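Both complexes shown next keep chain A, but they swap its partner, so chain B is in the first and chain C is in the second.
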Partner chain A sequence: MNLRLNRRWRDNIAGYSFIAINLAWVLIFTFYPVCRSFILSFQEWNPIEGSKFIGLDNYKEILQDWVFGIAFKNALYYALLTIPAGLVLAIVLAIALHRIKGRTLFRTLYFSPSICSSVAIAIIWTWLYNSQYGLINDLLGHVGIKGPGWLIDPRWAMPAVSITVVWAGCGYWMVMFLAGLQDIPEVYYDAAKVDGATSLQVFRFITLPMLTPTIFFYLTMAFITVWYQFDLVYVMTGGGPVNSTIMPALVIYEAAFRDFRMGYAAAVAWVMFAITFIITFLHFKISGRWTFYGR
Partner chain B sequence: MKKRLISLFLVFFLLGSFSFALSAENEKLLTIPSWWAPHEIKGAEEFFDKYFTPKTGIRVKYEYIGEAFHEKMWTRIAAGNPYDIMTFNADTLQEYVDKGALMPLDDFIKRDKYDLRDFFPIALEHWRGRKDGKLYGLSNDMGSFHFYYNATLFKSAGLPFPKYPWSWDKFLSLAQKLTRDTNGDGKIDQWGYISGVDWCRDIWPGTNGAFLFNKEVTKCLLDDPKVIKALQFWQDLTYKYKVAPSPELIQLTSGDAFLSGNVAMMLDGTWQVGYLRDKGAKFEWDVALLPKGPDTNRIYIPNFTAGWVISKGAKDPEAAWAAMKAYASKEFAEEVMFRTLSSLPTRRSALLSKKFYQWPERPPKGLTGEFYGQMIKFGEPIHQYPYNLGPKIRASLSKLDLIASNQKPAEPVCKEVAKEVNELLETMPWVKK
Partner chain C sequence: MNGKTKSTIIVSILWLIVLGGAIMVFLPFLWMVLTSFKPPDEVMTIPPKWIPSKFYWQNYPFVWSYKFGAPLWWRYYFNSVIVAVTQVSGVLLTSSLAAYAFARINFFARDTIFMLYLATMMIPGTVTLIPLYLLIQRFGWLDKYQALIIPGLAGAYGTFLLRQFFMTIPQELEDAAYVDGASRFYTYWKIILPLGKPGLTALGLFTFMGSWNSFLWPLIVTTSDKMRTLPLGLSMLRRTGGWVRIEWGALMAASTMAIIPILILFICAQEYFIGGISLTGMKE
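So, the complex of A and B:
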């Protein structure tokens, strides 16, 4: 008995030793800040005067904060623009590049924006969107269309940012869907061929259902990341024009680092976490009805 | 023999390292956070290395901070590790003073009998706490805004140079005559006017004798007809008269646009003089004071100052004070500010110094003592907001983008924003009784 316990202890110690450094890292740089921010969300904090407990006042203020309300609506609009478009584009690209000649080169080209700096992407696209000298309006002009003031018109700023986001992310998701496509057993396609199915029927009854796990993963990540869009918006529009691109992450940033209301910023962050958690939880709950894992 | 040589080398190496470490330890290091350009930082560090460090043993090193400057300052303060000295524009001073982040200088000034009489009153006024009247900073960097014009383009077009007193109408007439499609492709490639200045929203109303807020920032004056007229004129420059490119080109620094030689007039800060000299414009250029709007007779010259302050939590306030006196000196103005930053002097003795005009053979000819004297004499603080207005007022003011982007005319926007902002101002701590 003692020998067995000693052995178990030795195994445990060995295991914990291997993960000790990473565990310490997570505890110090993730767990502690998360707990600290939760406590901070119930405080009013000033860099000089320190903190003061104020209960739920920060959370009550969020409910009355129309700037946060605008940011929340913008986030929903942004989700509506980017999630379906990103999904369709990624699937189309994955199918297009699944078996064509030169697919390695094309995959590399489409994937490369995913590894570029988001700030560099934002700066380049800001120039592309320039209403007088940008390439996009110049090309539109050649086909007789007068392009809008993409980043200075509040009606077009969010669509402009969304186009950039979809473009930047499509390569990454294309690779994910490619992996999903490659995971579909050939036998299904062979059977469909034998049965005389059209390409559209093959896509609808075989490819799409078999891709649902990947689609589920895409939607889960998309629902989470949509609330944390910051860098492209910050560089391209700064939340303008006329608050049309202000997003929850920007509200947190400005509250924390411009207004130095760390407690309020922490409260907004926890509200965003709660929203994300609820959406993801519901998504997981209903996923069983439409996600097909069978072979 | 070989072993002895190696041992001797090691001994000397160790001795040398030790003495270097000792000397480094004996020399105090003061780090100055700054957004200055590399050539400006180089000039400043050379000054301190030459004149200050040998006398005091204090080494001054600048640390470039490009973006999110104040966020970095506050983060260091919050961490209990503030910079001993901070540099910023005077418009942000009150926020730091109100939060108790700065050390007043009055005790140092009294102890050392530091003479403030040489400073222009406007340079000191910016650095006093609004509640306690104490002096929190010293400045050797006064900036202002004026017009730069491409004299070559004016000469080619046979037009007179802009010269104060000139009106909006005169300015517009010149801008229209100098806005052209030079290559016949249907696109304008020579613009009459550009401004890369975010403060255009304040400057154009200022030229018409009006401001966006009252001095105490307790009332928003956007619904003043003079302000509305100025902002409408600002919008019309781009969209009605088409003498200015769209606001997005502000992302390209206006200095670079002006340097391209395709812009006839540029409204920008005094710092562009140094930049244009440094880059060597391939055309003749000169300067002019701002034009006057139709509703005023007074000259408008918006000034602002940048300076140094000492943090309340400074580790070595004496070293900081010593360095600050060197920074605020006439010699620093002569050796650094005039050479690299083309700032306006904050001291009378510096304005009278011959070194202030030490490039008579370099453009622009218009930068005379009389020109600078007018800028200092008639300068008034640009109405940058001395308080952090908060997210709601900022969000409301961002509706002025509708004017900049030609979505709506100025009048309905200004009236709506003025009403909203005035309601919000009543909730602000400096307004609430």
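So, the complex of A and C:
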């Protein structure tokens, strides 16, 4: 008994000394800010007088904030443009790459944009999109299309940003789907061949179901990253022209660090989090109906 | 149509897709490098000129000339390296220590604390951004290295990742060491760390990448030019600078210089990068 007690204390001391630094950091730089941010969202923050409670006023203001309304709609539009396109491209490339030789070289190439700084990517694409001297409009000109103004045209700015995001992120997801494809046992395909299944049937009834866990993971992650997009829009368009690419993260940034309305910005951040949380939660709930984990 | 021709056609279509994709991925990089070697009067032409008439390398030194607006270009590099290296070391050390405890030691309230870690990982950075800024301000760290480095020295994510990895290491090896009278720290240092190398490498690379490419945090905590990191310095060249005409040649040279180090790192360590992806949550 004495020995066991001794052992438990030794474990406690060892355990807490091992986690001490890490735990301190998590508490100070993540846990405390989360709590503080929640309180801040009910306060009006003032650099001189400090903060004072104003109840739900910040949240009420969000409902009437037309810029946030636009940002919200923009984020949905952006998600709609980016997520399906990225998914289809990543799967098509993964399937094609899975079936040919010389995979490694192409995999390296496809993956390379995912490791680059988003600022550098934004600058390269701003140059490609240049309406007069850019490469894209020149290439479009060769096939007889007069290219739009892209980033300076309110109708085309958002699609332009979406194309850049798909370009930047596609390789990462291609690698994910490639890993998923490599996990599918060869016997499934052999069995289908014996039964005389067509390629389309093989895709529909073997490949696609086996990829559903990866697709589920993609949808979850893509939704979150798309929703909090900041770097690319900040550098490429700054939210313009005429707010056509303003995004929720940009609204938070401007409220907090341009207008110094910390309380309001914190409230916007929590609203954003609540929305993503609910959608992710629902997504997890219904995922059981269409994802396939069995072997 | 017999089976052989059919499969040839399919393989050709697949090659077409793969090559088409490769061109789409490669073209922007190629265009960046080509533009960076163009003399100023060939950068903006209609139609665009593909191959510069001469190899104009002067765009590169022009980036850190006073005329262009980035005299501290090498300082941005230095800052990025310092921040990335210290953060990678900090994260690897603190996360592996904590992960070892979470994976192996049965201490009081371990599972509760681990749940807390998981919960904080779900909270997006935008929520903590503002209080974190106010905290750094109160510490008097704004526009200092402390602000850039210290908050990123340890975190829940790395601990979670390594804990998952350490769980897959067989316990027997440690048991044998304990029989020989080894301490906890000894088994951590001599058994877990060497065996956990793939996990540590992946975490190190991801941390390096996150730190090297980080933009929003340096943007809000630094104000003076000498404290800027590479992505921030790059973005400033694009957005301000006081010149009416954007010097695309020099801007592309700057982008090339910003991308090259991480690209080399990636090519050298790509197996770890790609292997690491499957560690980051996809498979339990």
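In this section, the second predicted complex is superposed on the first by the 293 of 295 C-alpha atoms of A that agree within 3 Å, B and C clash if a C-alpha of one lies under 4 Å from a C-alpha of the other, contacts with A are read in each partner's own complex, and residues count from 1 in each chain.
Please note the rule applied: a contact is a pair of C-beta atoms (placed from the backbone, for glycine too) under 8 Å apart; a residue touches a chain by one contact, two chains touch by 3 or more.
Nothing here was measured: the structure is a model prediction, and the numbers come from that model.
By the touch criterion defined above, A:Thr30 reaches chain C but does not reach chain B.
In the superposed model, A:Val161 lies in contact with neither chain B nor chain C. Once the two complexes are overlaid on the shared chain, A:Ala79 sits clear of chain B and of chain C alike.
By the touch criterion defined above, A:Phe18 reaches chain C but does not reach chain B. Legend: residue contacts after superposition of the two complexes on their common chain; A:Trp66 is shown touching chain B, with no touch to chain C. Set side by side, chain B and chain C differ in how many residues of chain A they touch, and the one touching more is C. By the touch criterion stated above, A:Thr126 is placed in contact with chain B and with chain C alike.
In the superposition on chain A, the residues of chain A touched by chain B in one structure and by chain C in the other are 126-127, 130, 132-133, 257.
On chain A, the positions that touch chain B within their shared complex are 46-49, 65-67, 70, 126-127, 129-133, 149, 151-154, 239-243, 246, 251, 254-255, 257-260. Listed in rising order, the residues of chain A touching chain C in the complex are 11-12, 14-16, 18-19, 21-26, 28-34, 36-37, 40, 89, 92-93, 95-97, 99-100, 106-113, 115-120, 122-128, 130, 132-135, 138, 141, 167, 170-172, 175-176, 179, 199, 214, 217, 224, 228, 230-231, 234-235, 238, 249, 252-253, 256-257, 262, 265-266, 269-270, 272-273, 276-277. Contact residues on chain C toward chain A in their complex (touch as defined above): 10-11, 14-15, 17-18, 21-22, 24-29, 31-32, 35, 43-48, 94-95, 97-98, 100-102, 105-108, 110, 113, 116-117, 120, 122-135, 150-151, 153-156, 159, 184, 188, 209, 212-213, 215-216, 220, 230-232, 234-235, 238-239, 248, 251-252, 255, 258-259, 262-263, 266-267, 270, 273-274, 277-278, 281-282.
Within the complex formed with chain A, the residues of chain B that make contact are 68, 70-71, 74-75, 77-78, 99-101, 187, 245-249, 251, 312, 388, 390-392, 394-395, 398-399, 401-402, 404-407.
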